[in-house]
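What follows is a single structure, and I will ask about it in a moment.
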């Protein structure tokens, strides 16, 4: 039969008993090694490739200790239906926990619910979902955006003309971030937002949009952008080569830091900020999952979010002109596309989120 | 009595000019400032360069007829951009090697497309669509280790920067003009080009006039691949960075640019000048809608409507009743 | 069935620059067979398409039972009881025989589904009309693509007949039928006539016309030039009507001396036992400067002979050019050996309709102009050829589609003149070409042969063959059935030989 | 008996090759995933495949008639956004029913727009539907600029969890679609469709209402796209204007794998249904075969290309033998 345990009362570490049909994953409390599944519907981004690579890396640690088996990774460019298929395949493979980076705010709800009902620990990484029983692990997107928005507002002395380049409109992370930006800007009535456009989270579009803006508003005071689009935007500024660079927001990618360093050679007074958006939240999520599977008790008081199921990971690093060198040092032996990152250690995870 | 008619590329250019002039009156337009207007116009043309180059191969395969189309162009752009990026590693003297690699890899992929289309008689649409998936697969295989590389200063200098501080014409535009001239040479002043038009109109006539239809068809897909490869090289020179989704956004606009430029989608008639004009029109419309702060929904609808109008004007087919 | 009569008066029909009908007339009544006769391209098929509503007419009038009608579509004509056997067939090859025959008129079951069983039975009943004349595996469920040409033709006939029309147009319905099948068709035609159907019969075979038709109507270059009762006219007179030239061109036979000097010319082309799908062992020798005519009814392998020589279709046998054995696998190779082919269907095989006259002229020759192409030279050469051919055009950059049929045909020949080949293979080059242009062609051909070019000249126009050629071979069923030259080269002999009556001078 | 040739076989049973492919794929999948025929697994797979199956059916009808429809994904998006915004997460079943009908109306209207341009104005299908796909996705974005909204979970669960007689709901839907198709196929209209796709000129001469038949194929495609849109909305329960976009090319691939040639007039609807299922199964095989993550896309795309090329390869080999 199907499990009837109400999801709200689920104790993830004590999954409900179910029948022994061969089609059902073995869900009764069992010991290690555990199998953890990953569902990622979008591979055409460096964030995601770094995320997958780090997950594999961190899992090796646990494999060595005999706590987990090899990860079951479902990762391909696909749509909502495709991700539902990914999740179903993971369930069919009998995984003990699923880390999912969702492609849609509500589209996976029923499927994830099904997984939760099967006693699988489901963790949504990077993006917050509002599904009973599904945990979230990620940074606070709103706070993340506020950090750089505040920096920009202060750099402009509280007044000036700016433009905004956002990611995919309506994407949950983007919505949260833009809310944060709006909140900050609301405190600076003299900062005027001339225009806002989507850079679709990619460099080329960001570059195009910024080029358009620079042509339309040659005397721009500053701009706020996020993630991958920041490199494109900065490239556009360099190409346009205005007398005075607008104050601008950057991103935590090695490529950006190197560009920053380069610009400084010509314009020593150039300033920007890079707030890391760490793919490392996923491996951190993996650590949380493993510890939950091992029966460690989560300290509910440390969780936030609508359902009280969100693990909020602190932003690992913020680079300003003061610690640029630190960032560049990290980047020394890293590929250009590397995103400044932070993966919490097992101990840090235990200290931060679990009952002693 | 001669009917008043206007050639499609000219129509596209006129449309572009009219749109641009109108854009001046928009709230965020250039207004009366001639310098801003010039800057804006230059910028739009500069942005059109990359679309224009990528649409070059598309122009060729569409001219070759038999429902010719290249849906793998987007992923080839990404692939060669990544290859350029990792080959150059910031060193000027590797740039030529990277260019060569881009062209050869693009040509190889195009060649495989051509083999499937000419010998296995797979429809170009399906063949190049499938190939696009394969190339995307290759990109992921190459990219998963997080590619490490860098474009060379000379690439940035030659592609992304203006000619000189005093002459604010971006080099990209100059490259495009030279490229356009070469494309013209190929299409209008070479035997290959003449044969290409011939197979696009009528393959039987072409064969009976001594044209090697098979070889020409194979060559055109190979060349289209190489041109997409060149597009990838240029694009990475402009962005300075690579990422997996670099080329895909260029794919459908590249087909639209060809259509707007008046190249007959059934093959046998068209020009690269038209495609250049088409690329400018599309870039202009996109940028106009951006300036007008139109939401994405309106932008897409306007783009769709524009295309529909353009093809209604010169894309009609013959009716059954004569 | 009540009586019916249809008349077409002063029909005008243009296709772009080509005038297919300039003054077409036709009358047909219940219970009679009218033969619509004319040379190739004289407008017979166009007339059929005017009557059955497939094309829009540019002028003239259709009267059905005395009342003017306009057909806005094939449906409209069909509603009035007009059915057509199309020369090019109107079959969908990926559908079955039954589906094709009953398309749009499928018998339905009460639930709206096609009653396949009834349709099969009805098809079988129809096939019975021709029973015994085709292979047993032609069944209602056979795909049309799997049929032989004669079987397809039968299906096309049955398709029209199944409409039980008042007026039936048979456009060259006998062209690909064998004699037994033709016999059967004629029996049927007689029966239909008795039933009161009106029948328009298009054919190039005189013998058939005299057997079956009651009246005739002759088209020449889009104009009806004679109508009357068959019994009032002889075969010879009819042919005369069809072919009579306004005396613009006098065929000048090469004088005896020239002919004998021609005999001393070296051999250019030797063909031994050439065999293809349609050709069954052809042996020909052509001398330099010889103008060799190829005659015979349409579709006896003339086209294959030319295409095989030009490397477009595979063949067995030996071909020698100036003693050297060649086997071309692609027209390009034939071109390199200085051969040229003027194909039969200029629209489908000879021209790039939407491209310019210049490009059409130069298509086989671009390599000569280097890279970048020396357009000035190319234009100069094209202009020279167009002047030599007195091409009537608005300019070299105008598309070929803007030219009239005769001028378009000049372009097809002109593109080879530019390459100056040693040997021309001509596949009915004067089809649908007006008299003046024909005259110019004749002059050109004579000139070319005087310059020592060998010419293989297939024509469906017997006058041309007789008037121009040094020697004519007549093909019948893939074989040479007669060779006519000198005194034996007369039109009478040629026609006789074409019909397969091999009493022609087997000189 | 030369008549019963391979060509005839492929023509009579166009799904033949597709079914072989499906059987092979199922066998491999079964080896890798022994529980795949269990009720839950079967149901969970089939409910995911259903939207694309429905879409492929519509696409197949257009392709049979000699066209192609690039806008199907856009229509799916419109339907999805209508349902997600108008029914809402807390809507009633009555509301759902109402808007299911509205959605179907919208799908038919969108199809009719395509049909109008293609059948009556005689524009090229590929570029016309490409243009309208912008219109449709733009319109969907207009209805629902940001992902969100949805339909009530209970209604979604009906779709997800209904398994009458232990068989997935999708089987019944497919059954009904195939029955309806078999009915249509055996009406006059069915014959018209094949005639128009096979030889429009001959069909016209035979008094088939060619223009209307062409028009109807796009309407049918719009209708099926609406059904696909309803299915995917029931599957995901949420609204997203981009939801249909990736489905277009998949539907075309499914049709071709299903043995329906892009040239029209050959094939059927059963083949594309099989093709769509095969594509889904291939995805499963990749997933269960434990291929290195980074190779998955490449392997999958290569399998699809080989599947697309297979009939061509077989033909080439047969030609060689003859």
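Chains: A, B, C and D, in written order; residue numbering restarts at 1 for each.
Rule of thumb we're sticking to: a contact is a pair of C-beta atoms (placed from the backbone, for glycine too) under 8 Å apart; a residue touches a chain by one contact, two chains touch by 3 or more.
Because the structure is a prediction, the values reported are computed rather than measured.
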| item | value |
| --- | --- |
| B-C or B-D, whichever has more C-beta pairs in contact | B-D |
| Far-end chain from chain C, centres as C-alpha averages | A |
| Whole-Å gap between the CA centroids of chain B and chain C | 45 |
| Distance from chain D to chain B - Cα centre to Cα centre, in angstrom | 30 |
| Distance between chain centroids, defined by C-alpha means - chain A, chain C (Å) | 73 |
| Averaged-CA centre spacing for the pair chain B and chain A, given as whole angstrom | 34 |
| Overlap residues in chain B, where contacts from two or more other chains coincide | 136, 140, 144, 296, 321 |
| Multi-partner residues of chain A (at least 2 other chains) | 43, 52, 77, 169 |
| Shared-contact residues (touching 2 or more other chains) in chain C | 54, 73 |
| Chains touching one another, given as label pairs in label order | A-B, A-D, B-C, B-D, C-D |
| Residues of chain C defined as touching chain D within the complex | 52, 54, 73-75, 78, 84, 86, 89-95, 99, 103-104, 106, 108, 112-114, 116, 137, 142-143, 145-146, 159 |
| Partner chain D, residues of chain B touching it in the complex | 67, 69, 116, 119-123, 125-127, 129-134, 136-138, 140-141, 144, 252, 255-256, 259, 265-266, 295-305, 307-308, 311-312, 315-321 |
| Chain B residues within the chain A interface of the complex | 28-30, 36, 39-40, 42-44, 46-47, 136, 140, 143-150, 160-162, 165, 170, 235, 238-246, 248-249, 287, 290-291, 293, 296 |
| In the complex, chain D residues that touch chain C | 1, 3, 5, 7-8, 11-12, 183, 186-188, 190-192, 194-195, 198-199, 201-209, 265-266 |
| For the chain B and chain C complex, residues of the former touching the latter | 185, 188-191, 194-195, 197-198, 201-202, 204-212, 264, 268-269, 321-322 |
